[in-house]
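For reference, the structure I am asking about is given below.
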Amino acid sequence: MASKAIAIVAGVGPGTGASVARKFAAAYPVVLLARNPDNYESLVQEINKSGGKAIGISTDVSSPDSLKEAFGKIEQEYKGASVAAAIFNASGRFVRKPLLEMSVEDFGAGWEVSCKGAFLFSQQVLPLLLKNVDDTNSKYPPTLIFTGATASIKANALMSGFASAKFAMRALSTSIAKEFAPKGVHVAHAIIDGVIDIPRTKDWLKDMPPEAKIAADDIAESYWNLHTQSRRAFTNEIDIRPMLEKW
Amino acid sequence: MASKAIAIVAGVGPGTGASVARKFAAAYPVVLLARNPDNYESLVQEINKSGGKAIGISTDVSSPDSLKEAFGKIEQEYKGASVAAAIFNASGRFVRKPLLEMSVEDFGAGWEVSCKGAFLFSQQVLPLLLKNVDDTNSKYPPTLIFTGATASIKANALMSGFASAKFAMRALSTSIAKEFAPKGVHVAHAIIDGVIDIPRTKDWLKDMPPEAKIAADDIAESYWNLHTQSRRAFTNEIDIRPMLEKW
Amino acid sequence: MASKAIAIVAGVGPGTGASVARKFAAAYPVVLLARNPDNYESLVQEINKSGGKAIGISTDVSSPDSLKEAFGKIEQEYKGASVAAAIFNASGRFVRKPLLEMSVEDFGAGWEVSCKGAFLFSQQVLPLLLKNVDDTNSKYPPTLIFTGATASIKANALMSGFASAKFAMRALSTSIAKEFAPKGVHVAHAIIDGVIDIPRTKDWLKDMPPEAKIAADDIAESYWNLHTQSRRAFTNEIDIRPMLEKW
Amino acid sequence: MASKAIAIVAGVGPGTGASVARKFAAAYPVVLLARNPDNYESLVQEINKSGGKAIGISTDVSSPDSLKEAFGKIEQEYKGASVAAAIFNASGRFVRKPLLEMSVEDFGAGWEVSCKGAFLFSQQVLPLLLKNVDDTNSKYPPTLIFTGATASIKANALMSGFASAKFAMRALSTSIAKEFAPKGVHVAHAIIDGVIDIPRTKDWLKDMPPEAKIAADDIAESYWNLHTQSRRAFTNEIDIRPMLEKW
């Protein structure tokens, strides 16, 4: 019997999430989670038309109930499926403000999604990743990837909430990696250090060549390469930046 | 006219908080914040009897309202006072659990106090620290110190919530340091890497010499030394560990 | 005209070096550098027999003259060739000794190879990597990879010389990455955190499953994946550890 | 019988070294090491005149013989003395050059002094620091401090040699700290992140207020504070930067 493994991408927008979904859809049925269905609907169609299989579920990753409901739907749709790869790509609202002008909501916005959301998602998905460990038809170790940012390792002025949340998610990723690697789950954290080339950023770095921005498809490529690593060579952290990035 | 500067210690218990309070009470009237008055009452008496000046205010640092109320009382008690030193020493409930057994409350407990609390406290205290910058009678640059832990830089298995919160607080500290140093406020983060010698830990490392544990009074000494640094030599991070610590 | 690009592996032994050589030999003629020809001779034969192309050159990477001679031979053998990938895998003698028992030679052994050698090798190979940037037949950005170790980020007792050298090589790698990325060369540093499964370590971790050691072939796989990254998503550092590693 | 402890400063110039020497001369007879006697002669006179005790010894810290000779002279001058504090402040020649224009000497210049020199100095001084551990008249744990720089944790382009050496010295410091803390020696590393205000830098940052540069006397103050830390609260690393530093 063939493996019934699926891939789940939490946080699908027009950038990394979509590229990752397309890439993993070539190997697995994919589940796309995003709060706003606009963010996955056309992509679900695109994948289904081009021979892949995708569903989208409107989900608020910062809500335990919403996530539980989403995973209930996943179980309905893919009865008994294990998860071969899960990518947490959601990110809290980006707030850049002087500390004294930041509201509690501003400050907590990052944490709610990037850290609490990442925790809640991990709790839902880890049992399904563990299930994949036992699937003898599974080609690669089940993989959980968190998308971080420059702010995961660098806390600049005016970025207190965003950086706090990203530092926190990095700690979460490492803690999970250490707990679940011995059980066969590969956990990795990616520090995306640079501007991703998406519609929203098309006017940024306008006078620079394309190599000043990160291509989302190339992030997806790196995520796939993480997924295919063997149990005898897990990478737990990578950084990714474009050729022309100053760092 | 003499300086009317005070010091505030948030998170006073029988360990670091009490030692820091005693140390800074030698130079400034001190305000002690703790949720449970049991944690500061005898200390307030002790300081007042021995020639210092102290008040305690029951405060939940994770609550904006509670903190606002506390700072209202401070203003009543010390009208027009600036803050020479503020130490954030509160720490969220320590939870050590497998990820799949952790409740959302378990996970968020660290964040609520260590990071959101640190943020809320900073918002209240920074205007008073800035006020101290302008106080020509002030001897040292106003100082804001955050107490971190091993988990601020190392995220171990089963420690996902605690480490996330401590990583987050470290990011917060750095972000504030970068924003407020140019305005004259000295912000520092201390990585307390080891067991502090307090009543609760008296049976830990029992067969080891005293140098296996950190003395809270010696942490206070280091915090005082941070406070006395000049504007031309700010230390933004120190680690502290006992002689016999393995690291 | 087809690309005349080659790959060079410095530091070929029975572990990572050999695996990397085999992997890259599937795409490029490879040059193997090692002090002792025993370390590459059978591998050169193996590659040449199995349809690849390989030469070995006895080289002391810590000697400017020896390296210059080696690159002279490379130019003779592959006239006008550019370098598509260069892997610096040489490592100084490993010395674990109390500081007071360490000779200057012991201490400097790591530096001579891991850092000075890496520097000298980089100086020879970077012009050839830059040449590859201009090669329109080249499929991937030219890549320079340095093999680091746990000691690249963790300096333990008794490891002063080895850790100093590895920290130094990591700094060298980053400095070169920042200087040459804008010119089109991809530089990466790999932190190999664990015991590599080679003949010399076959009795280590004997009672553990194979997942307690790193497979050299899987390191090679990761290096290849680094090489194939696009200019819009360079990874400058990865860690690699086996599933059962404690970290 | 009173303690016969001395302090030794390696790398005395018009900046940090001189300030540290003055500061520690208030408590201990000091020995000043520098290659060029011009760097310590007037300072030796100044200290001796103002009630302290100082000698200078022309020493090349990168030469085992020169260092051995220096410590022979120290033993002659202060028979049976232990060392209460040793500060390694020497730094290799600063070279900022494109990698391909750097000579082997340029590249190695940093290492020779900052790392090999630090190693050689440590080997000479550690037995005397250990001797101080047993001195019951000694007030503070014997202390060995290494002066690092921004480049100790950040490797920029064109700084390959300097950063490599500083990263290496940081590893050395940590390794020694871990080995000798359990024996009672306090080892610390200081990341001096900014321009120090010395004659040579008087035209730098000219239009900025004094708080844009580090005061060498204030570094000395922080070093003294490190020295006075108890065995139950060792700091192994601090950073130091001026109020107006961007980081």
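First chain written, first letter: the chains are A, B, C and D, and each begins at residue 1.
Just so it is clear, a contact is a pair of C-beta atoms (placed from the backbone, for glycine too) under 8 Å apart; a residue touches a chain by one contact, two chains touch by 3 or more.
Computed from a predicted model, the values in this text were never measured in an experiment.
Enquirer: Give the pair among A-B, B-D or C-D whose set of contact pairs overlaps with that of A-C by over half, matching residues by number.
Expert: So the equivalent interface, with over half the same contact pairs, is B-D.
Enquirer: Using CA atom averages as chain centres, what separation in Å is found between chain B and chain D?
Expert: 31
Enquirer: Taking the mean of the C-alpha atoms as each chain's centre, how many Å separate chain C from chain D?
Expert: 35
Enquirer: Whole-Å distance, chain B centre to chain C centre, using C-alpha means?
Expert: 46
Enquirer: Among all residues of chain B, which ones touch two or more of the remaining chains?
Expert: If we look for residues of chain B contacting two or more partner chains, we find 178.
Enquirer: Given which chains touch which, is the overall layout a line, a ring, a star, complete, or other?
Expert: Per interface graph, the chains form a ring.
Enquirer: Any idea which chain B residues touch chain D in the complex?
Expert: 141, 178, 181-182, 184, 186, 197, 210-211, 213-215, 218-219, 221-222, 225, 228-247
Enquirer: Where on chain C does chain D make contact in their complex?
Expert: So the residues of chain C in touch with chain D come to 64, 98-100, 102, 104, 107-108, 111, 115-116, 119-120, 122-123, 126-127, 151, 155-161, 163-176, 178-180.
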